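Same chain, two partners: chain A is paired with chain B first, then with chain C.
Our next item is the complex of A and B:
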């Protein structure tokens, strides 16, 4: 049933691909967080222009499928005179832009849940808008929205399987290549599924752990 | 500017409108150094709006407010142009405020709440800030609660932390916006006690309150607001005893009726 020698032989390649998937997803997520916080702040800004720009960002990057965004970044941007981007760069940019749109909406909810009086207190004590954002709003928004944020992280890691379309040797791409040469489709894709679980199960666990630890102080 | 005869806070003809609703209609008030002024009045009379205007949490749109001789919030009065953020912060740096809902930051310990602005705004080192923060918590009787988070504290304790947080910035004027209105009756006393001590130490205070006992005991001046005006102002004795003002009399009678439940019991045979 299960071809162990072939499986063991494929392990080094899969492990390498795991690193690529992790790197791409985590760096993409990190930038996605920054974009998300920035866009959420724009959406809640008193300035109408900023609010509209934030809204437009979410409309575009939440509305267009990630696959299409990736193709756009990798194949179309160089056509209009921008420099060629390596596959990993295109993958990270794509994941960051898309996750930024989702994270922005999560953070917007988190920001709105913070009682306004806390921000008045910060303002009166002389904290700058930047200090209020980083010291008061973001730490609380993360606590308030942790389940949704972990959910988004897991979704993004799974969605990173799409980066194989720009030729990046991530888990999905490598598994496809392996299956094409060993013809063990079922086994190879089963192993692929397990690899994704290998990332996401600990991530979910980490999320619950954080929720419990932060819950004590919030 | 710090001359003892100069009021620390002056309001001249201050007006504020929300849409078509004129909430403040030309309020004049002087607060001298070390004076305790209590603002009383029915809900909707504008007392909270007036207090919030003194911190520029509401942008008053008529008249002028000066703190230590400096115009609050506006760069110029006609035409009205907002002062820059740094200018506003500079004028506001001499005032501290305590809110009805405490407004502590729930993700920081009591000490963290007190130290945050000391480190970020005053530029103290972490250890200097903590030393000062602990001293402030000690002052409000909460030295042993420094590491507790707001959710682990009672309402009265949270409000005392909020007072310590404001005091740590060394304000020369403290504003209190109904500081005991969100508290269980049993916890009101400990907060009022801290405020009495502050007054005794010579802090200048403006207090919006429904605690008439506190106003009678601690205030130098009581101002009664109704319909966006200060309609009566004077020493507690003049306001609570000798007033002829019908609206104020009615307000006080309401308060007395609410707090005289035992009188009814006495008259009812058991």
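Our next item is the complex of A and C:
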């Protein structure tokens, strides 16, 4: 049933593609993190306009399916004068913009959970808003929301399978190409699923471990 | 960059048909997902260890696998184990299976949120286990888990876009098809985005309305 020679032959290609998948997801997550902190700060800002803008960002980037967002970036960036963006660029931009919206919601909860007295104390001690954000709010918010952030990472790694439609040779794309040439669809896609499981199941375990740990000490 | 409205207005009929397919796959997928999910949750909680462990593994594996990969397995891999499906059937089944594990987790949380005293009271009154699930636990937990269910249902609405990759003629496939036919990517993709935003907004509004309506009867202690 299982064709071992073909499987072993395909392993180096799949391993390469795994690196591409991890790279795009991690870089996308890193940018999404920055976007998320910025948007969450906007949502909680005293200025109504900024609050509105932050809300609109989350509404749009959480409401439109990621696949549509990726198609948008892929087809439209060249038309507004940004030609020759390599597929990996389009993929990372797409993942970053979308995960930014989800991370913003996570961080909003994290920021709100920080006692207000701390922010007043920071203000009294003469910390600038930037210092308050980077030294007081973000480190604590990360600790509070770590399980949710791990969960977001799993979602992002899964979502990265969609970057195959913009032509990036990620895990899913490479498996598609392999299946098209070896005709072993079931086997190739089972191996593909296994690759995702090997990354995501340990991550999910880490997430629930963190949840229990942090829940106990909180 | 001009916006050419005629590209859309000339093709209202196929676009509406795509919307219909989106609705069909969404509803059918949600329905299958809810039924499967409830089944998984009940078996997991009341079925003993020999069911709990394999079900737990099933949930973990499906949750770790991207929806697109699940579709590939069903649609392209299916014929190899005697399951030759039309794209739309494979898509609906895929949505159902994908959604079921998330629904199962929601239901499980719901069952555990019903106070133990109610279950004991039902037992004292001579209700059987299934009667207790059906008459005492389900009605109460549905109110509590409604927001989570609505959230998952809207997520599944967005996942229908992925069905275009296995050639199901839903909204995304129809509009990107028009886009590559006419090279009017701006118009078609904008309409697509707005269409999904309206769908999502409507379903979350409906969810909020439902929550208020059913929440009237819940006494929170």
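Here, the second predicted complex is superposed on the first by the 201 of 218 C-alpha atoms of A that agree within 3 Å, B and C clash if a C-alpha of one lies under 4 Å from a C-alpha of the other, contacts with A are read in each partner's own complex, and residues count from 1 in each chain.
The criterion applied here is as follows: a residue touches a chain if its C-beta (ideal position, glycine included) is under 8 Å from a C-beta of that chain, and two chains touch if they have at least 3 such contacts.
All figures in this text were calculated on a predicted structure; none of them were measured in a lab.
Enquirer: Output check: A:125 vs chain B and chain C. Expected answer is one of first, second, both, neither. What do you get?
Expert: First partner only, chain B.
Enquirer: Under the stated touch criterion, which partner chain does A:49 make contact with: chain B (first), chain C (second), both, or neither?
Expert: Neither partner.
Enquirer: Could you look at A:136 and tell me whether it touches chain B, chain C, both or neither (first, second, both, neither)?
Expert: first
Enquirer: Which of the two partners, first being chain B and second being chain C, lies in contact with A:8: first, second, both, or neither?
Expert: neither
Enquirer: Which chain, chain B or chain C, ends up touching more residues of chain A in the combined arrangement?
Expert: More residues of chain A are touched by C.
Enquirer: Is A:115 in contact with chain B, with chain C, with both, or with neither (first, second, both, neither)?
Expert: The answer is first: A:115 touches chain B but not chain C.
Enquirer: Where on chain B is chain A touching in the complex?
Expert: Its residues touching chain A are 55, 57, 85, 89, 92-93, 95-97, 99, 101, 103-107, 109, 116-117, 120-121, 149, 151, 162, 165-166, 169.
Enquirer: Tell me, which parts of chain A touch chain C in their complex?
Expert: 59-60, 63-68, 71-72, 75-76, 79-80, 154, 158-162, 164-165, 172, 175-176, 179, 185-186, 189-190, 192-193, 196-197, 199-201, 204
Enquirer: Okay, in this complex, where on chain C does chain A touch?
Expert: 1, 60-61, 63-70, 72-73, 76-81, 158-162, 164-165, 172, 176, 179, 185-186, 189, 192-193, 196-197, 200-201
Enquirer: So in the complex, which bits of chain A are touching chain B?
Expert: Per the stated touch rule, the residues are 115, 117-118, 120-128, 131, 135-136, 139-140, 143, 214, 216-218.
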